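Note that subunit A is present in both complexes that follow, paired respectively with subunit B and with subunit C.
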Partner chain A sequence: MKKQIKAKKQLAHSQKYTLLSFEKRRSIEGFLFSIPWLIGFLGFIVIPLVLSVRISFFQTVLTDLYGFQGTSTFVGINNYVKVIQDPSIGQTVFESFGMSIIKVPVIVAFSLFVAVLLKQEFPGRTVFRIIFFIPVILAGTIMTYLFADGVGNMSVFSTITTGVNEINTFFGTIMSNIGSIMWASSVEILIFLAALQSVPATLYEVVEIDGATAWESFWHVTLPYISPFVILNCVYALVDSFVASDNPVMSIMNTMTQEGTKYGQASALSWLYMLATLAVILIFILLTRRWLK
Partner chain B sequence: MFQVDVDYLKKAKKRREYAPTVITIVLAFAGVISALPIIYLFVTAFKPAEELFLYPPRFYVANPTLKNFSDLVSITSNTMVPFTRYLFNTVIITALYMFALIVVGTMACYPLSKHKFPGGKGLFKLVTNALLIISGAATIPAYIIITGLHLDNTYLVYIIPGLANCTCMFLLKQFLDQVPDTIFEAGKIDGASEWQLYTKIALPLLRNAQATCVILTFPGIWGDASTSTTYIYNEQLRTFAFFMSTLQGGLARTGANAAASLIMTLPSIIVFVVSQSSVMDTMAHSGIK
Partner chain C sequence: MTTETVNTAGADVSASQKKSFGGIKGLIKRYENLGYKAKKKIMHFISRIFVYFVLIEMAFLFILPFIYIFSTSLMTSQDYMDPTVQYIPTTVNWDNFVKAYQALDYIRSFFNSFGTSVLSALFQTVACALIGYSLGRYKYKGRNLIFLFVVLVLLIPPQVMILASYGLWATLSMVNTWGPVVLPTVFGLGLRGALFVLIYMYFFQRIPDVMDDAARIDGAGPIRVFGIIMLPLVKSAIAIVFIFSFVWHWNDNYEAPTYMYLEGYQTLQPRLANIRNYFSLYAQSQMMSELDRALSEPMLFAGCLMVMVPVLLVYIFGQKQLAAGIERIGVIE
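What follows is the complex of A and B.
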């Protein structure tokens, strides 16, 4: 009896909303869930960006940024022209792109290699996973401490590499390069590890029964299955190297901001740089799209 | 009829037996380079003054001491704000931020992944593009907005601006996309509301992705010193990372600095150790398959 009443109530309830189909109504309900995130996204990412576009068309100083009155003058695309005409900026951007394009494949290949190894069962697995994740753990203040202002004004890294340098300069350079690649690939390793877990174990069983070696099952099962994550990691590594604080273009931007009177130019440069970055990534995605499908 | 290549099978078995050793050796070689700084960090925190300035620096400590830690406490004993207050701030901020980030992120990714609403795809493209945003471009406008909302000089300034985290959103949606729609349809047929679909199905299935988000964002918020410098004028509300950055420079504080660095690093390592198994846990275990 109670059930019948409940069912009737539900029917009456649903008849109220006959204008919308069930699916549409549910979609709107679901959409409500993403509102908090959307507000944050608009408020702290989209609106600041739009404002920065505005700044890039003005010649302005910090005290004036609130209202765009007084000393701020509209200069049109002058800021952009100045940035493009500066030959040193163009060269720096070009060089840093070149470096990233060499670095990214190495980082992604290395992190995939390590992730595949870390997925295996072997004693001390957790310890190794932690070791390869250390760079992310040390991000921020600790990194500056280790790199710049370490104990007794000696950075840990320079001490390590000078220690090796004394043995052999050539070996030392190789060591520090390997070190920097490993320090850049920890997030990628983590993403690959998570992706590798999503490959169904049954697929491996099937190919094993068919007589595939580990090498073959990597190329024919693992890689096709995690290919979206390979793309994701490439994009991540690209972006990471473009916006790293030690990227020369980023330091040009920072010095411009610190000069106080060049906010307009700094904004113009960062927008041009972002468009160039987007173009590189778009080309990359278009090139790899075929392989994905 | 069937020919079994016995030799081949034997070789394969042997290879499988040797695999763990080979893997350990290869990884150990690569891991040493990553591990050296952290070992140095640990060791330095327990070095007495005469060992701190040795050259070349040692990767071990001859006479371990806790003096660096007591120095750290005594540095703040004369000031208005004790160092425990900074630590308390950091713990509270990190806990609140992590909780809010996961709630907001999972709530946003569920409809994006499992519902079709107009502009949904466009929004996701916007998110992936926002991953590329160069923070330098937006720092000054962001400052204007945050001070305009009067968020500055409160705990909220640490938490709210970072909630719409694009990397987390991207990861969460990618993981939820792998969950078959049929699970949600089954829920709908059983009469589950949207809220129930989210809490009872999406949230548990996303547990691994949540852990990944925590691991990725924890070090950032735990080590956040710049927010304190930019937006906080009240010394009582500043973070431990900020306190640590004030210690840098000055030979007399080298020991205390090393101890503070260890305190800064340990929680991140613990968070990773605790949550790594759930990140690595197979999706198969979480009932997908």
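What follows is the complex of A and C.
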């Protein structure tokens, strides 16, 4: 009897041992696969980030950007103070935040709508799925020119809303930018398509047998199932609008660096802006974490 | 119409006329009396019409810029100004393309754009797959931390680092080479690298465990499992990442122009952004009229078309793979 227990214990121990070693081996393997990226992360993200913090505390010249040679002067938090005290910068930041907050729900709702339509089975859907990625091709300078020429400006829509003053500015902004908003939603449509296609078909069959309409099954099956992706898309759209090169804050930074003497201030502004965006995103995630799982 | 309303009114009043259905009310009644299958068929038909209607409308909005660019690029400046000429030019003006070709310094800029885009796309496709594989299929200490890093990289605006990185590249005297754009992608970073890592991670997570367990029992090492078993299973992710990476690098009008700004080292995007200046200089040297100088728009859009063509080709030829990727993305096998 004792022998048996001992043997059993030994067996359990050996099993545990092999399991552990196997797992350990696998975890080392997994880590090895991530090493190239970590090296790159250190070299191309961490070092520049640290250096940019350093720049933000200096009054720098281009030949001595990091202040190691002594030609640049250490100014402490002066750069930050200057940025905060500049009223035009603060106003631009708030305006661009406001614009993003107006835009994001529209982008997400629109892309969800399109993704639901594109998920249906119908002849020719591949063609449509391809068409909705066209804006990705046109991004960059071409898009800027198109907007400058007013191609994304649907004046037809903006005239609908004139008359109601309170709502007018809000809907006016959305409607006159409807083209640009729609064109910003390609990646979001892709993410939603992925999410929708991962909803198990059996769930739909169950609610259909229970007599649910398509509308009900959307609200009670689809939406709860893909809610994490809705949050993900909101975050993606927020980030996308925060760092877009046509964002007014970005153009302030560009003009600062082009002046040639305000590198420290540009760095300070970019750090403050980044912290502000991260705060907005964090607040958003905290508010919506109920739907994340 | 009047007789029908009378009929339905009659049906409401007297119960004897139950069979005479007409008008919208009647239609609804007739629909309610149908069987389950027929009902479903009708609803399906109606929803199909609705879907086509909405999609065609929106697809038109998405194609509109294409049409606009194409038609404007063929116009003369008179056509462009004429409000009666909409979309269809009166005469086809190929001269726009010749001028845009010169203004863009097309061959050299094309070479720079194409080289950086193809190399970056290739490197990102491979390197992001490695880290995505590590995050998607392994559990190890620090895996969550690395995942957090990836998300952080996604959230950090490139503008925060560009000044410091520019200084670094300058000390390495690699400004005005392809290095600053291509080298980060070798490690799976670079333009939107974090997004590609997440896409790969997502795809790798979906593959059932039995796949690599079987290969391991047969004695395959980790690199073999990755290269021979796993990569072919995420073909659609590879297509998505390669195409998007190429297109985004091609359209990059922020980082690449910052690092490659000297004449002859520029990519197409900054050339296109400065095309107006070029035309005004050109017009001055040719003693052109004020009107002609201001109206460089058709040439500008000819330039847009020429910049677009390679991406369009990649898109058209990769379209099958891309469509397959979109079809399969998220589908549970």
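The rule we apply is simple: the second predicted complex is superposed on the first by the 228 of 293 C-alpha atoms of A that agree within 3 Å, B and C clash if a C-alpha of one lies under 4 Å from a C-alpha of the other, contacts with A are read in each partner's own complex, and residues count from 1 in each chain.
Just so it is clear, a residue touches a chain if its C-beta (ideal position, glycine included) is under 8 Å from a C-beta of that chain, and two chains touch if they have at least 3 such contacts.
Being a predicted model, the structure only gives us computed values, none of them experimental.
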Notebook entry, point to check: Putting subunit B and subunit C onto subunit A via the overlay, clash or fit?
Noted result: clash
Item checked: Partner chain in contact with A:58 - subunit B first, subunit C second, else both or neither -> neither
Notebook entry, point to check: For A:239, is the partner it touches subunit B (first), subunit C (second), both, or none of the two (neither)?
Noted result: both
Next item on the list: Once the structures are superposed on A, label A:97 by its partner contacts, choosing first (subunit B), second (subunit C), both or neither.
Entry: neither
Checklist line | Overlap of the subunit B and subunit C footprints on subunit A, listed as residue numbers | finding: 26-31, 33-34, 36-41, 43-45, 47-49, 51-52, 55, 65-66, 114, 117-118, 120, 122, 126, 128-142, 144-146, 149, 151-152, 179, 182-183, 187, 190, 193-194, 197-198, 200, 214, 239, 242-243, 250, 253, 257, 263, 266-267, 270-271, 273-274, 277-278, 281
Note to self: For the complex, give me every residue of subunit A touching subunit C.
What the structure shows: 26-34, 36-41, 43-45, 47-49, 51-52, 55, 65-66, 114, 117-118, 120, 122, 126, 128-142, 144-146, 149, 151-152, 179, 182-183, 187, 190, 193-198, 200, 214, 239, 242-243, 245, 250, 253, 257, 263, 266-267, 270-271, 273-274, 277-278, 281
Item checked: subunit C to subunit A touching residues, read off their complex -> 43, 47-48, 51-52, 54-55, 58-59, 61-66, 68-69, 127, 130-131, 133-135, 137-143, 146, 149, 153-161, 163-165, 167-168, 170, 183-184, 186-190, 195, 197, 202, 222, 226, 240, 244, 247-248, 250-254, 269-270, 272-273, 297, 300-301, 304, 307-308, 311-312, 315, 319, 322-323, 326-327, 329-332
Next item on the list: Provide the residue numbers of subunit B that touch subunit A in the complex, in ascending order.
Entry: 12, 15, 19-21, 23-24, 26-28, 30-31, 33-38, 40-41, 44, 52-53, 55-57, 104-105, 107-112, 114-117, 123, 127, 129-142, 144-146, 149, 160-164, 166, 169, 171, 174, 178, 188, 193-194, 198, 208-209, 212, 215-216, 219-220, 222-225, 241, 244-245, 248-249, 251, 254, 257-258, 261, 264-265, 268-269, 272-273, 276-277, 279-284, 289
Notebook entry, point to check: Which bits of subunit A are touching subunit B when the two form their complex?
Noted result: 26-31, 33-34, 36-41, 43-45, 47-52, 55, 62, 65-66, 114, 117-124, 126, 128-142, 144-146, 149, 151-152, 154, 156-157, 159-160, 163, 175, 178-179, 182-183, 187, 190-191, 193-194, 197-198, 200-201, 213-214, 228, 232, 235-236, 239, 242-243, 250, 253-254, 257, 263, 266-267, 270-271, 273-274, 277-278, 281
